[in-house]
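One chain, chain A, links the two complexes that follow: it is found with chain B in the first and with chain C in the second.
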Partner chain A sequence: MGAHYTAVGWNRQKKIYDWVIFAFCVTYLAVFITVTAFANPDYTFETALIRSTSTLAFLLLHVILSIGPLARINHKFLPLLYNRRHLGVTMFFVALVHGGFSILQFHALGNTNPFLSLFLSNTQYNSLPGFPFQALGFFALLILLLMAATSHDFWLHNLSPKMWKTLHMLVYLAYLLIIMHVMLGVIQYETSPVLVVLLALGAITIISLHLIAGMKEVKNDQVVYPNRKEGFVQVCHINDIEDSRAKMFCIGAERIAVFKTAGKLFAVSNVCKHQNGPLGEGKVVDGCITCPWHGYQYLPHNGQSPPPFKEQVSTYDVMVNEGYVWVNPIAYPEGTERPGALINLQVP
Partner chain B sequence: MVKPLRKWHIRFWAILAVVIPAGMVAAVLARPQTASSIVLQPAPSIALPLVLKTISKSAYTASLRASVDTAKLQLQLVNKAVVTSPTLLVYQVGVPSTAATGTDTLLVGRVEATGTYQFALANVSAGAVRVELYDIIHHTLIDTISFTYQPPIKN
Partner chain C sequence: MTDKKQDEFYIGWVGKTPPTFAALTKRFVLVLLPVIILLGVLLAVSQKKFGTGNFEFGTLTEVRGIYFDKPVPNLRVVTGFGLEGNNSFVTIPLIGYGKFGADGAISDIEKAKHAVLNGKWITLKGTLLYNDGKALMQVDIGDNPITNIADVTPHPMTVDSEQLGSITVKGEIIDPKCYFGVMKPGEGKPHEDCAIRCILGGMPPMLHVVDGSGRINYYFIVGHDGGKINNSIKNYIAGPVAITGKAIQYGDWVVLYTDGPQSITAISKSALWQPKGSIMACAAGGTPLKTPTCSVR
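Take a look at the complex of A and B:
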């Protein structure tokens, strides 16, 4: 959460996260290149670097694409989401080394401009086995560049969270391009089934995780709440909500999170102003609703971030009747103070 | 994510769940049938004892080697120069076509760097073996090596 743009303060968790990423990448590259040097001493360093960075970037991409759905399926994975952007930028730089050295090694030795050579040295665009697979990798790298360049909160704020999130969903297209880059590249002259099997296992895992998480979200959005009275909708029993936690209900255009804290219930928009994270999956920390993704905070009774921060979310009327929670899905303007609903006095 | 993005998200992955496997299967099926050797990490092999023919060029020295009974043929390629086409594949041309391969071309190996390579060749009609060096990235024929030799007289 930031009132203005300043250098990010690295807390202990961020430092540990970054050091783990750094140590893993260095270890992976060192092991890969060392094993290659001993197993195939005639290979050049450039060849070993191109191969090691390609496999490392692809592995990191699988980890990055797994974090989102895993966090939605099981909240224990939420800490991985905290610094996912650092992992993404790291992956981009590793992929950039792969792409840069590949262009140098494969296209920089002739008279043609290397980038022209990339697209024109093989023009079999109408052939599947002969397809210029390097072009696919190039466009995937462009997408990753766009994402890495806009990963800062400055762009998030200026593009709007919805546009930023839409833009960053292009990573799924990049994943498809990279899969085909490999399948129409090395797989075309490699008959060992190992690579194909690894690729297939990776793709099955990523696709399954996203479909499972997506269907879970759709199921939550499609729950029908039949009991309605005077604009209010009965959503659950008060005991269904843990203290300092929330439950989310999709009873209008967007989900509403109903929090139980300090003996009261408060209803706010489920959508965090930062990256549209699910506030209802967070908890109340120091009296503030805290987003599980990046720790943005809001006061339960008015949806405002505590000063000096400026973010605000919509609030809703909530009441308790005979132990059941009722919510009015008509939103108040962002930051509007609402009294909430007392719990103890009304529990039968 | 907001509701519209959640919808787009699952639609996108439903499409990818079809497109990615279809693309992978198509790419595997489209692989040239000539790829009959494992070339990513070629297993080291020992040079066969007989040298039937040697061709020497500035970039490489190619020898056609054979077993004592000439039942097995082998290409020994001593690559002397830095490979500027890192996806340099070695094909044997003119091998007997079978129903399985449907082609007279056989992928026998891959040259990655300077050094000595030995690749097993298919035994063809005596006296002529033709090998092509091919850059799969640029789809360019780099060189053709033709061995013509007098087979040893069998007792």
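Take a look at the complex of A and C:
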């Protein structure tokens, strides 16, 4: 089990996935440029390139931002989540072509360094309609660069998962910056409503998906557990948990996943050490609790990843009383071994 | 207790996707990707029409005419010889390489040839740009632009000018190089930074004016003494403005002599709209000199 845990390589599926992304991007760019050339014979290739890459990157960003909530709403979308990183890196490179080419086109061959020119040409920072929109694009690109550069798990461990997660939450700031980049830029010039309408529809889609996914979570978090005894809280009946699976309970500030496996119950923190994935939606595979997001694994009885991995989650005491499951929400230090609770199958 | 489908579990690194996961993902991707391409098509067709300008990138053309360095560097090319020296001609404003005016290239030529070009009959080689019946030429020292400087000017020509009086015109300040063909769009907010960079680099600023019928006119903008005001008008570039100044028509171009930024006010986009036939009609489209229909409001 430990062996294939390490084998996070470029499997066939990842290769297919990468080829699909690549072929799709090339198709999009070719179609955009061709349509521009036919609809608008006076076009210049530079503008078609700037616009085809900008719109592609922005559309891909919408997809990337939708995958998270989609996978929470329906876990059958998880394969998209697992492979989202490559989409992100691709999006960054497409945006880089747009930004890089824009800097060349609008700022190179002048009397000022192009990167300074980006900030010093239009200096109407105090005006909304006059605002230097390209600077907003630059900062968005910088965020995307940081995210792409730190996308490898090496950086996740190096920066600490918390820091990494915070950095990657900046994608929402990048999204906002790009919306303003478009609103204060090309929208000030275009006469067709298409871009504005699509911008609004895109934002509505992203916000709705996040709200729906968030509401699902909040509902679970708001369940009240009235039966308490000697530090233990009654959470469900043993039959409510399927074999090799878990149920998640939010008690106070603790998110606890109770797994049923090998005739026993084990309680561990619901929060995966990788990227805070919901372990309670995972499954026990080959004796290991397996995170549904990227497949990190933990042993049920001590919350430790099998060697050589070093991740550890907190564990909790759990007991069975008259067919009901009781959990003590006071966490043991991460990786502490707990006996779990035997399930007496002859309960009423 | 659980049916098999319910018990399916996807683990990315295993490399095998359970059938129901694979089916949904595939269906989703097969719908999503064409939808994104269609959105791209929609975005592509909804782009504002590009200008008709043309930059003959990579093609050098030789043009013979008389060079003047005022009001902006230009070459007057005689297109017909009339009676009493009343020749017809087109004026080709000159601009430099990249985001620079022509002044640098001209002074380099003058240094290399130990000559003063103003008023001389010369043959210049450069890249033409044209739009709306107007032509400009890029002079790049790398193209060996000067092929001949005549010792004498066979048809001495003074700059004919016609005073059009003090006027206020509404339009957008553009850099003529981009507008006349190097970039599309070469105007408006998306192009603003570039227009600013070009004008700060010495490109002669120009006011682009359109009326309700789509009639277009252009005014070179200079200081009251004909000097450059490029560096002081930065905040007015690429947005709607009204400019007051003394207009003088030099053949096929009009020059607006202003007091710099004091003569310019930023106006709203809606204030930019001007009724049909409200702008000077004479100078657009390379109409010959002294068209009697000139009217200014």
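Convention: the second predicted complex is superposed on the first by the 334 of 348 C-alpha atoms of A that agree within 3 Å, B and C clash if a C-alpha of one lies under 4 Å from a C-alpha of the other, contacts with A are read in each partner's own complex, and residues count from 1 in each chain.
The criterion applied here is as follows: contacts are C-beta pairs under 8 Å (C-beta built on N, C-alpha and C of every residue); 3 or more make two chains touch, one makes a residue touch a chain.
The model shown is predicted, which means the values in this text are computed figures rather than measured ones.
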Chain A as common anchor, with chain B and chain C clashing or fitting: clash
Partner chain in contact with A:Ser192 - chain B first, chain C second, else both or neither: both
Partner chain(s) touched by A:Ala39 [first = chain B, second = chain C, both, neither]: both
First, second, both or neither for A:Gly323, with chain B first and chain C second: neither
First (chain B), second (chain C), both or neither touched by A:Ser52: second
Contacts of A:Asn11 with chain B and chain C, given as first, second, both or neither: second
A:Asn122 touches, of chain B and chain C: first, second, both or neither? both
Partner chain(s) touched by A:Val20 [first = chain B, second = chain C, both, neither]: second
Partner chain in contact with A:Gln134 - chain B first, chain C second, else both or neither: both
Winner by number of chain A residues touched, once chain B and chain C are compared: C
Chain B versus chain C as contact partner of A:Phe106, first or second or both or neither: both
On chain A, positions contacted by chain B and by chain C: 39-40, 42-44, 47, 105-106, 109, 121-122, 124, 130, 134, 184, 186, 188-192, 195
Contact set on chain C toward chain A in their complex: 1-2, 7, 9-17, 20-22, 24-25, 28-29, 32-33, 36-37, 39-53, 97-100, 183-185, 188-194, 196-198, 200-201, 234-235, 239
Residue ranges of chain A touching chain B (in the complex, touch as defined): 39-40, 42-44, 47, 105-106, 109, 121-122, 124, 128-130, 134, 162, 165-166, 169, 172, 175-176, 179-180, 183-184, 186-192, 195-196, 199-200, 203, 207, 210-211, 214-215, 217-218, 221, 250, 253-255, 271, 276, 278
Residue numbers on chain A that touch chain C, as the complex places them: 4-5, 7-9, 11-13, 20, 24, 27-28, 31-32, 35-36, 39-40, 42-44, 46-47, 51-52, 55-56, 59, 63, 74-80, 82-83, 105-112, 117-118, 121-124, 130, 132-134, 184-186, 188-192, 194-195, 198, 242-244, 282-283, 285, 290, 292, 294-295
List of chain B residues in touch with chain A within their complex: 1-3, 5-10, 12-14, 16-17, 19-21, 23-24, 26-28, 30-32, 35-41, 82, 84, 86-87, 89, 107, 110, 112-115, 136-140
